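The following pair of complexes shares a single chain, chain A, combined with chain B in the former and chain C in the latter.
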Partner chain A sequence: MSAETTATDWPLFEVFIRSRSGLEHKHVGSVHAADARMAIEHARDVYTRRQEGVSIWVARSADIVASDPAEADALFEPARDKVYRHPTFYAIPDEVKNL
Partner chain B sequence: MYTQALDSHGREPVPAEEAAAAAARFQARIDAEEKIEPKDWMPEAYRQTLIRQISQHAHSEIVGMLPEGNWITRAPTLRRKAVLIAKVQDEGGHGMYLYSAAETLGIERAQMFTQLLSGAAKYSSIFNYPTLTWADVGAIGWLVDGAAIMNQIPICRCSYGPYARAMVRICKEESFHQRQGFEIMLTLARGSAAQRAMAQDALDRWWWPSIMMFGPPDADSRHSAQSMRWKIKRFSNDELRQKFIDVTVPQAQFLELAIPDPLLRWDEALQHFAIGPIDWNEFQAVLKGNGPCNRERLEARRAAYEAGAWVREAAAAHAARQAARGAEVSAA
Partner chain C sequence: MSAAAPGSGPAPGERALRAALFRYVLRLGDTSLVLGQRLGEWIGHAPALEEDLALANLALDLIGQARLLLTYAGEIEAEGRDEDALAYLRDAPEFLNLTLAEQPNGDFAHTIVRQWLLDAWQLEVYEALSASADTRLAAIAAKAQKETRYHYRFSSGWLIRLGDGTAESRGRTQQALDSLWRFTEELFSADEVDERVIAAGIAPAPGPAAERWRQQTDRDLRAATLPRPSAQPHPWYGKRGVHTEHLGHLLAEMQHLQRTYPGVHW
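Up next, the complex of A and B:
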């Protein structure tokens, strides 16, 4: 094996695909590419061989900031005791219609 | 996206009782059928097991392009050629989904490539057999993709989220692979005497290697029990092998081709087909690098990697120049 095969990677891009017009873009995976343009082309080849998409977003993985699972409790706890944000919290007599 | 963030994982020393509690919490999540995601805490052994399994799986998809790629220029019709190109491209895509999933565990893609090209990494033993005739393309789709589907469907429910999601994507694409292979076998089986003989010869050569694709018997399978507890694996090697045999034998009967096993019989009591002994020495020899095509497969991968070097360099130079130009424009 030549020294050349001790490879280095192109930057990693996360791939998001809109499957049909009217739907949101959804994360599907990632590709390596030299630049954003190539990332879109690689994403096309890897993730849309059967017309799975009408639009592609790519974002450098290094630019994505994610919440920490260890902090999930602290982060989402404030919503836990606010059941009054749901319509089912309110008791309305059966006779009342259209509410 | 998690590669960099994971660099620090497992570095800080943790007191033993804390580690045991974390492992117990982790197992409880698995038992509750929760999915484990890249940034979640996981035992180091779980991470390493998945890295090994997913990267081997990715390598198998990539090396798996070679035996069939061998027939693209010689496909008998334009339709068969278009189908074969599409199938081989799918296998390349499967490799990419899987490398992407493995990277979420903290290994870099370049490292996995290096492991493959140096011969350090394993891939499925089946791809070290040669494709001698066109019928082999049919037999591979029917048997090899058929066995792969059997293996892969349960992994769609694997406890590790990115692997499970990659497998869902792959399984959706595999069905066409198997059907196009069976269609080739059916066409040959109903063709001239020479075509029937070619189909039979392909089945003779691919049957046992396909049976071996499920791995060593349960009694000798090193990683199985822990993988089952972690819900990386859902069925044992022997269970999956038996399922494959039970669905495939009637398909061979439909083709009116003979399975090359004089001891094959229907076991009325067990309601399964029973087969003769498997030659595990052959399996071990192929795994150790002494199959008919091991050397040729790795040489082909290395040649492709080296021949592509100028493309990678040119693309990197272009990206650097575009970035510099962009910086100039915004500075002006």
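Up next, the complex of A and C:
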């Protein structure tokens, strides 16, 4: 790998894979790529070699807006003592999958 | 087969067709095997981790195709040779791959140009073969066709990026094109083996496929802003067993283990 050809010149893309129809896309990792088309190909070659998916989304990592870890207390602590928000008080019918 | 009583063996025409089919299937299988082995040489050396995996994926598809084709060739021959015997226990003059497939990797542009020329060729061959009168070959081709579509997407995408890229990437790609172009005449040339399987409805006539290949590669070269090489390609005879010196070195590495420890398993 010579200096002018390292993939660090390429922007980072986050990869999301849908494992099968009906399920949501899940974040699986990231790839370097020159553009979106190459990012799809790299995601296919890196993350779907073992039949992991039927659909791929990629998004530039720079375009993702993240919450500030310093604000974690304010954002997430207030939910901790409100267990009544969990739907565990309901019986889930057997026919409902993937809940 | 040769021990059959007079009159009970296959008719001479049938025997000749089987012999031609054996060689035709070997040509396809050997081309995939040798190209797959070449791509495998990139593992650990590609310009980026993602490309390393991409090239390895292509290599594994090609070796998978070779396994199916060599297994079938061994059954046609009916002399007890399986895929491993054909892959590991033949010498260079018995390999019938296209000469282009055995050319060394060179730089990344060189590998991409070789891949793109052969992907465009395989696309035509497998598409036509998926409607072959030989149902076994048709099934193998139908599977390989899907793989090849991705290979072509990958290699043509890179050809266009490199050709229409920086001065350096363009220069290297043009150089690769000029150096590999001479091997393209062999892709669609037909000899007596081809003629026989074409006549039996097993293989496609080369004319229309060659024309589509030319149009497709022209489109890609325009998109890559690269001029088509003007030099006339030479006849090469890899598919008749006459190879460049590169194949022997490739086989020495590929066959080393089986030749040193015959029948070894792990």
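Just so it is clear, the second predicted complex is superposed on the first by the 68 of 99 C-alpha atoms of A that agree within 3 Å, B and C clash if a C-alpha of one lies under 4 Å from a C-alpha of the other, contacts with A are read in each partner's own complex, and residues count from 1 in each chain.
To be clear about the criterion, a contact is a pair of C-beta atoms (placed from the backbone, for glycine too) under 8 Å apart; a residue touches a chain by one contact, two chains touch by 3 or more.
A quick note: this is a predicted structure, and the numbers were derived from the prediction, not measured.
Set against each other, chain B and chain C touch different numbers of residues in chain A, with B touching more. After overlaying the two complexes on the shared chain, residue contacts for A:19 are found with neither chain B nor chain C.
Of the two partner chains placed around the shared chain by superposition, chain B and chain C are both touched by A:10. In the superposed pair of complexes, A:46 makes contact with chain B and with chain C alike. Residue contacts after overlaying the shared chain place A:70 against chain B, while chain C stays out of touching range. In the superposition on chain A, A:34 makes contact with both chain B and chain C.
In the superposition on chain A, the residues of chain A touched by chain B in one structure and by chain C in the other are 1, 5-7, 10, 31-32, 34, 38, 45-46, 49. Within the complex, the chain C residues that touch chain A are 47-50, 53-54, 57, 108, 150, 153-154, 157, 161.
The part of chain A that touches chain B in the complex is made up of residues 1-2, 4-10, 12, 14, 28-32, 34-35, 38, 45-47, 49-50, 61-62, 64, 66, 68-70.
Across the interface of their complex, chain A is touched by residues 1-5, 37, 39-41, 86, 89-90, 93, 96-97, 100-101, 103, 108-110, 113-114, 117-118, 165-166, 169, 173, 302, 305-306, 309, 312, 315-316, 318-319, 322-323 of chain B. Residue ranges on chain A touching chain C, taken from their complex, read 1, 5-7, 10, 31-34, 37-38, 41-42, 44-46, 49.
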